[in-house]
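The following block contains the structure, expressed as structure tokens.
Chains: A, B and C, in written order; residue numbering restarts at 1 for each.
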């Protein structure tokens, strides 16, 4: 087991190298001149542009640029600076806690609410609860994220005043509305997925046997049904945590939170390779760990699955 | 349309309806109020504190900032040689108490000796010499460097042949002499721009550290550091020696990534002032804010440009036909709820010399337009270009629909591009059809509304327009004394409106919304709320 | 649609019971099909969703049958009207008949949704299946590739690819979405296969000397496909929205293309003043998603041997 974990963590290195190389190359290949765009439609003098290009190694060939950057990262922990001279590490230090908190709130919401709704929908199949879950999922999927965000801001922020409309000034409560928006669609998917799995599991022989033996219904559901239904749900939650970081772009912007999602988005638009790659390094680390945890959970949920 | 650009003209400020939120406060304060101009609130004795919207600045370095988010903040932290008079849009004394010139080439500025930086350092003529030389030095890569290009010696410094500009000299501690390469009557108004603000010595040692808490010589000084993406706080600098110090005691700039969110926050009373109501909300501002809003003209000129360097668009008749086939009033009414000023000229109506009816070929006349287009053999299919993500698609699509309805055009396709890519396409001359762009004045001069965009080979001349008559007209106007220049600039504008390298579309009006806590809220030609003039009522 | 059907056909061809003699398969398949069909016919939800999908697909293919106006006939003078007898869904900002625009939006939206979902369903599940079945370095390699794709911001990929590609049609937009969204599907399939692979009937089939392809096709896929198909049905709706996000970022379909995603996107700014602009395309997307999920579940029920015993 320990051997397996170490091997998995070592796989992080090639993934990291390939991911940063690809991302660096993509930003490099993006059409448009970042220095030109920096000045907007009020162009800077040629000499100023030349100086900036030189300062950020933009005139070097691609591999030299990439090499210089990665060398700095690995030898001195230097993630470089933005075109405006702000250290990238500074940006990461500011944004990381915000993005992680937001993702955690969303994750807990979709895991907990999704699971509860899924169990209820399966146990009371075709009941009101079941149909309600289905219809809410359909609506939430169809509604654009911005509209969901706006409706929540209007209702719970402006009219009822229960939550702040935007910003992170008020600490943890500020994360609740954006967390819900971020989790909305996935909560529905978790519920529907769990429902289908659970219905199937509840019809299986061992559950029938347990019921026939006089085991309590609630115990049957949680002990036997649920455990065998969770593998797809856990897989989905793991994969979703990965795609969630992409989802934070819109949510962070609408709720005026200064996390990494929005930062990556802006940096891509500004073609600031240093920030994009710096954050992607974090993302890779994050995914490798999350996916390892998911795989380890498989073994917990189904003892027949072993890693050696 | 009501114009409300000047302080005195700001809309809806005298009467005030107490909303549910303001009601309780009103009762308490009504007893205490005496002599206040609205009879309900009294201006806060010490000036009070207000919060106002901005977006995340690129930087807070006066010499390096060319965007709105940072400029409006820097204007409160620094005082230049001259300031804009927001009633006449002329230059008025600020740090320079007086100036004179014989020939518009050599200028002498007398400086006040009372100004100090917020750290106590005096501001002298040498401060300006040092600052400007530093800004122009290519090693420092400052974005506003080319605003100094009319100073004698600029070229030498930029090319590395000299350390300092020959034309900028400190005659004594409080006399500054500026020599230009050619006569330029607009110099005093140009000097109002943030690229000319003085900076203390400490700035040049480490600019990246300096901008976290810039030390200026302006009405307000930083309180704490610039918290990135979050807030910038400043308090009134009580030592500021000027005639009209700031009214609020404290200004808190709240940084938003989304204007819609800021709008909701003003509604909720979390934010006092938002100076740029998003277009989709304009129809409901009155319902949402009662009297707490105003409409303000700005110098923002939005136009449809034509790549005159392409064979298809060489013919002036074609451009006139396109212009006459656009119904600017209808676009304003239907797309913007009447919230813009349709453009019938190039010079923004906010400038005194503007005549927003100067354009002969801008009146909607579909029949004549169709005839002209047919005769000139205009293309029956072409592509229109826009930059993405900022709500431009709606009016561009509307224009395309009008052209297809009024002219013999079968199909218009669209290309909408990321801004960097958009500029690239312009630079490489690959734009094949009409494109959208805007222009906001950095300082209120007709020169800046035209010279950078339309003179031959100018940096922002995306239309590729080149006219000897126009170039000469601009030169003549630049050479003249500011008092005599208006008619000369008008002549240059007429040349443009004859040739139409760009089709005027509209001048943007900005809507401000605010809470009950503040009054006298208006914005200037750059769309910046003049926060230093706002009254906080408490 | 074809690819989606094929993958379901694979599912129905399998037999979850312990391996019978391979020779009898065709006969067995036929009776399985009949069983499935019989149980589907009795399911009212299946009938409802079939009718809904048929209507939507007809609308996508032949919008002129439903439309009342020309979708490009827009007059600013009649901008933003409320629904009326003349304009059933009102008019949009440009003054086009909104009912006609929504009808014409079905084509692009359903095309993107179906192309993307069916492609990742096939491609993603195949890779997930291979990874889980063979395990070891095959699994490690494929899963690290998914890590890689997750780590690359899709906006970046879209900007680079679509910037090279000047005229963007439905296929280009679909391609980008496929490249960046298959990993979730692959992981779901892999997890699902893991929970099936240790069942007795798989071990038994192995012991009897069945080849990997046979085992996967006959024993694993039919039992592992449930969560994947369920997710795919919902995913069609998510993709319809994602297409609009790409346009918002400047890399999606270009004007004057018409799609539900674009309509929803334009309408969300006018939520308070003109809710009808949001409501109508919303209803159409919701119905489509509802039809897909309901049909997915009906199929799953019909294919599931345990539920048949009821």
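We take it that a residue touches a chain if its C-beta (ideal position, glycine included) is under 8 Å from a C-beta of that chain, and two chains touch if they have at least 3 such contacts.
What you see is a predicted model; the values in this text were computed from it and never measured.
Trainee: Taking the mean of all protein CA atoms as the centre, name the chain whose own CA mean is closest to it.
Mentor: The chain sitting closest to the overall C-alpha centre is A.
Trainee: Per the definition at the top, count C-beta pairs in contact and tell me whether A-B or A-C has more.
Mentor: Result: the pair with more contacts is A-C.
Trainee: List the centre-to-centre spacing of chain B and chain C in whole Å, with centres computed as mean CA coordinates.
Mentor: Taking the mean C-alpha position of each chain, the two centres sit 48 Å apart.
Trainee: Taking the mean of the CA coordinates per chain, how far is chain A from chain B in Å?
Mentor: Comparing mean C-alpha positions, chain B is 39 Å from chain A.
Trainee: CA centre of chain A versus CA centre of chain C: separation in Å?
Mentor: Distance between chain centres: 22 Å.
Trainee: Can you list every residue of chain C that touches 2 or more other chains, as numbers and ranges?
Mentor: Only 159, 163 qualify.
Trainee: If I count partner chains per residue in chain B, which residues reach a count of at least 2?
Mentor: As it turns out, chain B has residues touching two or more other chains at 260, 418, 421.
Trainee: Give me the residue numbers in chain A that touch at least two other chains, ranges are fine.
Mentor: Correct list: 30-31, 150.
Trainee: Could you please specify the touching residues of chain C with respect to chain B in the complex?
Mentor: Listed in rising order, the residues of chain C that touch chain B are 74-77, 79-80, 93-95, 159, 163, 166, 248-250, 254-256, 266, 269-270, 272-273.
Trainee: Over in the complex, which chain A residues touch chain C? Could you list them?
Mentor: It comes out as residues 11, 14-15, 18-19, 22-23, 26-27, 29-31, 134-135, 137-139, 141-147, 150-151, 185, 188-189, 192-193, 196-197, 199-200, 203-204, 228, 231-232, 234-236, 238-240, 242-243, 246, 249-250, 264-265, 268, 276, 280, 283-284, 287-288, 291, 294, 298, 302, 304-305.
Trainee: Could you list, by residue number, the parts of chain B that touch chain C in their complex?
Mentor: Interface residues on the chain B side: 260, 278, 280, 283-284, 327, 330-331, 334-335, 388-389, 391, 393-394, 397-398, 400-402, 405, 412-418, 421.
Trainee: In the complex of these two chains, what residues of chain A are touching chain B?
Mentor: Residues in contact with chain B: 30-34, 36-45, 47-48, 50-52, 55, 81, 84-86, 90-91, 94, 150, 153-154, 157-158, 161, 164-167, 252-256, 258, 262, 269-271.
Trainee: Taking the touch rule as given, give the residues of chain C at its contact with chain A in the complex, in rising order.
Mentor: Touch list, chain C to chain A: 140, 143-144, 146-148, 150-157, 159-160, 163-164, 183-184, 187-188, 190-192, 194-195, 198, 226-227, 230-231, 234, 237-238, 240-241, 244-245, 264-265, 268, 271, 278, 282, 285-286, 289-290, 293, 297, 300, 304, 306-307, 309-310.
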